[in-house]
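Next up, some structures in structure tokens.
Both complexes below contain chain A, partnered by chain B and then by chain C.
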Partner chain A sequence: MTTNDNAPSDDAGGVERPTNARRLERLTESHPSRIGVGRAGPRPRTQTLLEFRADHGEARDAVTTHVDDNLVNRLDLVAVRSRATSKEEFLADPDRGRDVSDETVERLREGCAEKPEVQIVVSDGLSSTAVEANVPELLPALLDGLDARGLDVGTPVFVEYGRVDVMDAVGEALDAECCVNLIGERPGLATNESLSAYFVYGPERGKSTAKKSVISNIHRSGLPPVEAGAEIAAVLEEIHEAERSGVDRGER
Partner chain B sequence: MSYTATLGRTDYEFDSIRDLLATANEQKTGDELAGIAADSDAERVAAKTALSGLTLETLYENPAVPAAQDEVTRTIREGLSDRAYDRIRSWTVSDLREFLLDAGTTDEDVRAIRDGLTSEMIAAVTKTMSNMDLVLASSKMTTTARCNNTIGTDGTVSFRLQPNDPTDDVENIVDTVREGLAYGMGDAVIGINPVTDSVARTTEILRATKEFMRDWDVPTQNCVLAHLTTQMEAVEAGAPADLLFQSIAGTESGNREFGVDSALLGDAYELGQRECTADGPNVMYFETGQGSELSNDAHEGVDQLTLEARCYGLARQYDPFLVNTVVGFIGPEYLYDGKQVTRAGLEDVFMGKLHGLPMGIDACYTNHTKADQNDIENLAVLLTAAGANFFITVPMGDDVMLNYQSNSFHDGATLRQLFELEAAPEFQTWLEARGIADGSALTATAGDPTIFT
Partner chain C sequence: MERDAAETLCSVGIDVGTTTTQVVVSDLTLQTPAVDGAASVEVLDRTVHYRSPIRETPYADASTIDTDEVLAFVDRELRKAGRSPADIDTGAVIATGAAAKTRNAEPLVDRLAERSGEFVVATAGAAYEAVLAGRGAGAVTRSQSEGTTVATVDIGGGTTNVAVFVDGTARQTRCIDVGGRDVQFDRTGTVASVADSVRDHYAAAGALSDGAADSPATHRRLASWQADRILDCVEGPPFDPTTEALAIGPLPSWAPEIDEVRFTGGVGRLVADGESVDRDPYAFDDLGVRLAAALRDHPRFDTLPVRESATDIRATVVGVGTHTTTFSGRTIAVDASVLPVRDLPVVAVGGLDAAESAAAIQQRTAQAIETARDGDAADEFALCFPSIGPLTYDRVSVVAEGIAAAYAAAVGEDCPLVALTGQNCAKVLGQTLAAADGSRPTIVVDELELDGAQYVDLGAPVANGTAVPATLKTLVFDE
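For the complex of A and B:
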């Protein structure tokens, strides 16, 4: 290997010879954006580029991969599908992810308890990674919380290719009083594990988004899954007692 | 009346101009979602064929949404030059395409007819053009505007520095401004999307950016992209804004969903002339994007490209300094993948420039779109060749507030070097005085944000 005056001295990335090294450290330390990263010619340095690509790769995988069947079985979820038949169709046509077929309605009625006070739905949404990372801890905490509050809980359902509003179709099929949908959020580069819990009182197809409530940002470094389980149980009790959700509950 | 074309042994019939325009589009999931797309590739080309034979007068007489029910249609009509329209009314769409591509057609020649073109005519010709047609025709058109800087002059390409922060922390925002300026970005605008849409927050960010610009004599514009009414209230109370921003749509109902109408835009324009801190005269900034009308259930049965063209028809009534499409932000149900995003980006910049706008682009994608950074790097190269006025840039392409990816500060510096282009003239002088740029290239000290300490 020949020596080259232009070769970077620091393989870790960053600005090579900053005017003010201490200022640079302060600037980059706790900053949420990728700054102070330096350059190779006008292009990013190798490590900076690969870190960015790695974060995007993980985000894409969260969108395109499927929730593990073993996990669905282990959690005793009744597994169905929305009207979407593939990830591609799910992404291109959101309406398909909001509904289930007549045959699926039949299957739900055969496999699940009807007229529950609370129907739990788990959906892959835009991140199967979020479901796998959070639901195994969240679901037992949620079931315990609902049990302690004396709420009658139906048979938890997993909907593959599900959007938020698929809980309306499932809840309508099972004549549930309230529904909660634990669904993977669109992944960012900072985390691909973020889950949301959406709530509806009196689920029915076509119910407006404004009539729904939400807890978002559920993941290890946000609202941790066990705490989220307890919080979701508390919200369900409130919705059950108030007999309303969303704007009807005074939310904006 | 119906319109027909024959391909091979198959006859195709289209019920209306609206149907013809929709069917003639390149494939996009948004038109499929709306149920108005071509059923097959052959039908798509049949529609392009029928469309290419229409006269511009026919398109003038058949706006996508009737004038009686839509103020965007009326605004576009009222702004039209009768003299320019008379010159081209008998041309077919095909004639217009070949005029734009002809080696003898100059920037001046295009300028002489463009005020006679309605947005539907511009949409129609776009549908008959290939990607390279769009690049070539765009590259001929120079569209300049002046605020504190002059944007769009020959031999330049500009960039918006977008220092968004997930908590609107002004120190973080200003540190990202340092980083971006160190790469020569920010000559189009230092423009921040706030998390919280409030007068107080908008004012705070405007003040912090303005103070930094004054301390370091940065010849550019600042803007906080809150709702227009929020910015107006802040400016009326003395907040230092150079530009007033608003997202706009191609239908009256779409604009209503955005909380604006032409009267409000007119008021903002007047306020901007009076109260903005900029030299002007161009003080407005608009963003658009194919699919926004459908996502707000305000598409009136019209395809997303034609609606996008109508956004530009509306925008040009307010002499903006900047207009850009946010092309891949809306998601895969409107633009599915890198191919669709690329096509839409080329279409939008071409259509904006043919409307006479200082046109830029946020070449971007979300994580559920089938695209990656390579796709928008490609698109940025194509659009620099096409003479786009400006691009959006964020640190390493990662916007940590809006959670999507766009071009990076590094991309901006690379495009200038590749195409031997400089920043807007006033800003280029400043970059060279600060030792950041030497002509089209970065200097050895560029890329170091601590030069601003």
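For the complex of A and C:
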């Protein structure tokens, strides 16, 4: 190792006089984690602490805010709610987020096509921010992909206070062959915009998680949403043809 | 969705060099991640399972390789490796140094590639060889795991090829016409031939005329001049004008700080292990041993951070056998009926970021199509899109419209559209292109390192159809 690049560098973040500034820089650039941030005595530096708290604030906002009604309308989604009646109840009682009421079942049957081959569900889950950031780009690419494959697509639904398994209740209500749930992931401190797509063949309440498939990490720095839309369409076609999802498809 | 299972491909590497010809057979273990989406197919393990003996490259005459002899050697070595061409999935053939300049190098390499396995590709070019030798010498892994800058110096019979790896990526190549075979001797120690590069650029070349009597002092001086050129090539820029005159292709304009140097190749091996000092200086009937000794004795040699390489003389063939095949991202759009495709010229569609309208995109694509066809009117080419701009639905739609219009106007309707993208957008671009022009076979492959590629070969899909093997390469026989 050479020693002539040991000079302190402002670029190396908070570490003063790093042994090897160049390697430290490569490490910090290679990963979104908070490494090489330095310290002030035993505590974080002021800047580091402020950034941490700002990111934490954004993560909390992603959980507690609501998806904009205008967006739901613009995307032509039929909006319903899970059995939870507020964010607080949704967070405190997970089971309510997995189910819909009998009245909601009626509303779904009135407002949506029944017996579709593919039912699209959008749920806020734990990040409304993720839905707002990704679904507008993802959904049209997904619909194009399904259309090109000749799959019969139902009326896309938005479920407020929805968890992953709410697609079982919605799919059961509409007698869908398969469902995909585009749902906001639990936000982290690196991104609060990450979305997942969960899949189920033959949705019914209580269907085990093992029977479900997933594409995760959909966001601008992960799998780009527009590419995810095309990929999800391909996976739905596979599931439709294989007539199964999850471990039944040989996934581990 | 893919199982977390490993898939193994058998890969062959064949190196027809100035002085020696070698074959290696390897197994590449692919890792296909359990979850769909962002993850890509990776080569988990590369195990060289058979190394042929190193044989002299057979020449029929000074400018012709003995094709039959090479083909027979390769067949024999594959048999010894316990593999037939039917067992071989992938790999590459490379012609290097002076061998690449022979009259029949190109047909020979094509023929070897064609008959040695399912998806074995033909390659040639000093810069490409430099990178492969570096990969074969472990420079990628080393520079990545240590976060260092590693230079590999591959000294063969005809050329010296330097590759500089920064953090796992080849950033520079420096190739010059200096090698151990620059002078050849006959059995009596008399000069049998002198390379043009020496005649043209070495001031004292007159003392080396064919048939001249052996004079160790003269040879030592020439070897020391060669060593000067090689060290200058490693240490520059700036470069000495003579080094520049000997350069094959461009030399870099900036000098990275090099943490580690590895010598490989037939002469490089002698440098690395210090054997050269004790050897008969004419053991190989050429200047190789003297050149290695001149490098070791050079006053600047000790300032280089030299490290031994495990693959030494086999660096190129190991690189060719294990590092030519890369894999696309897992989201691809392919009409598999068109695959494999071989030797497609790659033309970049640049400046697309600045082209806003479909019409502007069509124009730039049309220009690239024209460039691709320059010289021969073939419709077989690949367009490469380093960036199509922001990955939004509207942008992808506009770009696809422009590309499809350019193809509709200029390319026969049965001809495939082959596109390589730097961004992760193959599936959506492929889907949108297919919607715009449903009848044309369309292949879009993403997340490849596109830098410096002149040609591409794409194989049939692997990993349950989720990725394709790809070789981005050069084919330069007359440098």
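The working rule: the second predicted complex is superposed on the first by the 217 of 252 C-alpha atoms of A that agree within 3 Å, B and C clash if a C-alpha of one lies under 4 Å from a C-alpha of the other, contacts with A are read in each partner's own complex, and residues count from 1 in each chain.
Note that a residue touches a chain if its C-beta (ideal position, glycine included) is under 8 Å from a C-beta of that chain, and two chains touch if they have at least 3 such contacts.
Note that the structure is a prediction, hence the values are computed from the model and not measured.
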Which of chain B and chain C A:A228 touches, first, second, both or neither: second
Partner chain in contact with A:V247 - chain B first, chain C second, else both or neither: neither
Which superposed partner A:R23 touches (first chain B, second chain C, both, neither): both
Touched partner set for A:P140, first chain B, second chain C, both or neither: second
Partner chain(s) touched by A:L151 [first = chain B, second = chain C, both, neither]: neither
Chain B versus chain C as contact partner of A:V105, first or second or both or neither: neither
Which of chain B and chain C A:V78 touches, first, second, both or neither: neither
Contact residues of chain A, present in both the chain B and the chain C interface: 20, 23, 27
Contacting residues of chain A [partner chain B, same complex]: 15, 17-21, 23-24, 27, 31-39, 41-44, 48, 52-53, 55-56, 59-60, 62-63, 91-95, 126, 186-190
Footprint of chain A on chain C - complex, ascending: 1, 3-4, 34-38, 147-148, 167, 257, 259, 305, 331, 333, 391-393, 396, 423-428, 430-432, 434-435
Chain A-facing residues of chain B, complex: 29, 32-33, 163, 165-166, 172, 175-176, 178-179, 183, 332-333, 336, 366-368, 370, 372-373, 394-398, 400, 403, 405, 408, 410, 413-414, 417, 441-442, 445-451, 453
Touch list for chain A against partner chain C, complex: 1-2, 4-5, 20, 22-23, 26-27, 136-137, 140-141, 144-145, 148, 213-218, 220, 222-231, 233-235, 238, 249-252
